[in-house]
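Down below are the structures I want you to see.
In what comes next, subunit A is part of two complexes: it sits with subunit B in the first one and with subunit C in the second one.
Moving on, here comes the complex of A and B:
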């Protein structure tokens, strides 16, 4: 049987379905408009932008903005900084979240449910609440204007979501897998490393994508914690990037596109793991 | 060859006692089956032997070594789980060798052991497959193979056939019996299926409410159950229980009046240690009943259900005001049908008699 033949028959009158379709197209257009605006302006000259509208189609494909961006040496510093922060904070938060999630899912102890709630409550704190105390604390520790400040903050901020996701995923992994390995004399560490984590790839892929994208795109923490130009991340750099004589819409658009490439690549790389079913065949099925 | 010995073993979850003072010996090379209803504690007891559940009191010895406080990996046991518990990301070969690889066994020894186990289980063609590419029966073979590879002192099976369909279950039951005969290892097997227990076991341990009801060879338990629970648990269809009161006691015979029966008093030629007015329960196996035309000596009954199994037939009949049907097993085919009036004749020489507390008197 083909997919089409298994699809449920559409409900409602043709008119109703047409109305819904039109509404969805309009909404999609509205949501996409800013992105389209950025993409168009990246390929326009400054003159084109000031003459026309933001959303007008470029009269010709102008690549000068990209050339300007790629010639700026500070852009590479911004990108390098962002990679350092995003990769290390993603790795750290996922590692710590996996460890905590494993304990909460498979090695419960007295009060662990309460502690888990405490972990997860971190999700509901707006970062602005801890902004000033954290700034003072990091200032006292001499971490202001270092990438360490960003790595530490993003790791800490990422632990709640990583713990929540990993715990909920690991709960669904049959206990018998761990117990079977225990009886075989395998240590808890090796069970985590060789049994549990390999079958957690779908959850880890989701987390890697979420964390990397979130940290890469973050603007607030670099704005607060970083002052000098050589410690800026790419999102901060984007704002501080100005043309020689005016606000450089085209150049900013070009950098914005370049800056979103890594998150797009991360998503494309991990999306094949999103298809779960790794535990199929482990137990009755 | 290794034995297992439990001495006064107990398990408590808070104030709830799930295993109560269990003591037993498993002889080297023996196939011992724990059988009991759901929640009887049989799986908990097995997990305690494996070290997956802590022991609250008492001691567990394997091969003469006290393992009560040892982690599972040090006990040199292997366990086969109901859910197979195969590692889904590893091939059959990797699954079987995982424990040995992780504990640093030499490569040559691992290969030799895996090949040997694969030969015993006849799964050589499957070694490169992943678990999801295997059928239920093949998965369970691999799980058993993973146990054999480790050459453990004791094999523990936790309801290994419960996830299989009826035909596969029968096939794997024979297979497990064959493997036991071939490798001769000590095996402890948990099941709630009394047919598995009767066919596989050297000895059966009947467990109920965390206590051992009786230990013995399958036929010994079937023929000489020490109480109503064991009598009712083993046998298919289960033993019929008829309650009544002793109205007259002679030297070598007693007369019993059955409850809700509307039948003549029953004379049992048994020297029972009872007095008049004592309440008793008669236990009658379905094959100790004959279905005869109405009017004969016996229990007047009405046929409710007839099951034709080919070589035998099971007749379920209602007797008097009893709520439960009485089952009778007849050899070959039977002509009786639904709603036929019949008489059930009890072979009193094969009756079991239980006292008011359920203990066996005969």
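Moving on, here comes the complex of A and C:
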């Protein structure tokens, strides 16, 4: 089989290919329209938007919305809170998930399959099931309305996916690597740190992009656990400020864009990791 | 040797197991305990009321309303992104120019927060200047007075609108899963069909689709889990309204517990939700298990 015939095999006639291309362009346009609308809105005055001008290309770049948004001190508090929670909870859940995944992959014992299934089952249940008990528990611990509550919850909720992906990744790593180190008298701890950690970097990168994005975007847990303005995360603050600027569409657009910027950047630069993470656990599991 | 390994098993598992047990497993069981009380969220000692909450649930028309909406939501939020993702994957599989850019465009919404997606779609359905009404008006040469449908404020259209927004966000995920499934189909199979002059639509129907069964199982499972968990986008776009027309169990549970502070009653709703999840998951895995037996 030559390369050319293989490439041509699934495509069919030129007419068909042109039709498919046109269909994809139309669909891509429809898919992009909502996002583009928000980006446009951020650069338009609220008056223009309410006159039905939202969905056209801005004739001039109006930066007034960003001026209003960036002057609000609470925006910086929201951003700082979310960075603190997303980064520390991602690191913690990935660390804990890697430890568990390592044991399940390389040190299996009687009943470890069952324990692994129990961990993974955490993926299937809606958070509503633990909402009230956790609220009560954190209330008793005096952690309601602190960032600690969010860090702990996101760490615990992240353990299932981190364990699943790390176990599946580590199972594909040959045992010989670990065994030869053991023969040379290297301790388990050092193997984990100097043998397993370096080869796991791709899987860790996948988890980091996934966890950061999910925790950044989460809305339910801050809604339950946070009460005061200075502990709000970006998504909670976005909803709160939307109430304040209920008809100031342009300002809402600028806020949404600002809140999405970190995850959009992660997506742009780590798209490959993001996509493989979404399919990896699922397809291999 | 064995004791040494046991030491490490214990040392490495201690932290993840205890965090998981304390903050995920224990609260799951604790829900059952609260469902037997009339806790209001403030008292230190909730009063035990037995199965009273469950008796009330099964006489509460709002509960059955959200149960039906959950079924509608799950059916639609499962079918639309799965079929859409499959269609996109099949289109992209014909190796058109710029396939990578197309993939990124279809995939982009998944990295946006539900809060932002909700806001975007509120604007699309906005009655005065929303994209949908503008498009309908320009297609039918209507003035804003002649056509002014408030999509999200109408009980008849609210839930469907949120399903559309949700599908827009989720389709890309299913597309990626189907694309991964497509690459695992041996090319000899399709080449043999090409030599025999099998028309394209027959190849898709009799070779590609059957070979995509494992990918379909994965896509359905992920969509199902995602659909059961959905809260943010409904909360943002409709809050369950108007007149509870888009209330699902997840939303109904939140409103009863954290808006009306009926935490005992809310716990019993989450117990029902838990049991529904168990039934669906067990049924699904039994089904997929059978599939595996047939195809392996």
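The working rule: the second predicted complex is superposed on the first by the 247 of 285 C-alpha atoms of A that agree within 3 Å, B and C clash if a C-alpha of one lies under 4 Å from a C-alpha of the other, contacts with A are read in each partner's own complex, and residues count from 1 in each chain.
The definition used in the following text is that a contact is a pair of C-beta atoms (placed from the backbone, for glycine too) under 8 Å apart; a residue touches a chain by one contact, two chains touch by 3 or more.
These numbers come from a predicted model, not from an experiment.
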Quiz item: Given the touch rule stated above, what does A:216 touch, subunit B (first), subunit C (second), both, or neither?
Solution: second
Quiz item: Between subunit B (first) and subunit C (second), which, if any, makes contact with A:73: first, second, both or neither?
Solution: neither
Quiz item: Does subunit B (first) or subunit C (second) touch A:185, or do both, or does neither?
Solution: first
Practice problem: Look at A:177 in the shared chain and tell me whether it touches subunit B only, subunit C only, both, or neither; answer first, second, both or neither. | Solution: first
Quiz item: Hey, is it subunit B or subunit C that touches more of subunit A?
Solution: C
Self-check item: Contacts of A:122 with subunit B and subunit C, given as first, second, both or neither
Solution: second
Quiz item: For subunit A, which residues lie in the overlap of the subunit B contacts and the subunit C contacts?
Solution: 278-279, 282-283
Self-check item: subunit A-touching residues of subunit B, taken from the complex the two chains share
Solution: 50-52, 71-75, 77-79, 81-89, 98-99, 102-103, 130-134, 136, 139, 146, 150, 163
Quiz item: Once bound in the complex, which stretches of subunit C touch subunit A?
Solution: 4-6, 8-9, 12-13, 15-17, 19-20, 22-28, 30-31, 34, 41, 88, 91-97, 101-102, 104-117, 119-121, 123-124, 128-129, 131, 134, 168, 173, 176-177, 180, 187, 190-191, 194, 200, 215, 218, 221-222, 225, 228-229, 231-232, 235-236, 249-250, 253-254, 257-258, 263, 266-267, 270-271, 273-274, 277, 281
Quiz prompt | Touching residues on subunit A, where the partner in the complex is subunit C | solution = 1, 6-7, 9-12, 16-17, 20-21, 23-24, 27-28, 31-35, 37-38, 41, 49-52, 54-55, 96-97, 99-100, 102-103, 107, 109, 115, 118-119, 122-137, 152-153, 155-157, 159-160, 163, 188-189, 192, 213, 216-220, 223-224, 235, 238-239, 242, 249, 252, 256, 259-260, 263-264, 266-267, 271, 274-275, 278-279, 282-283
Quiz item: What part of subunit A is in contact with subunit B in the complex they form?
Solution: 174, 176-177, 179-187, 190, 194-195, 198-199, 278-285
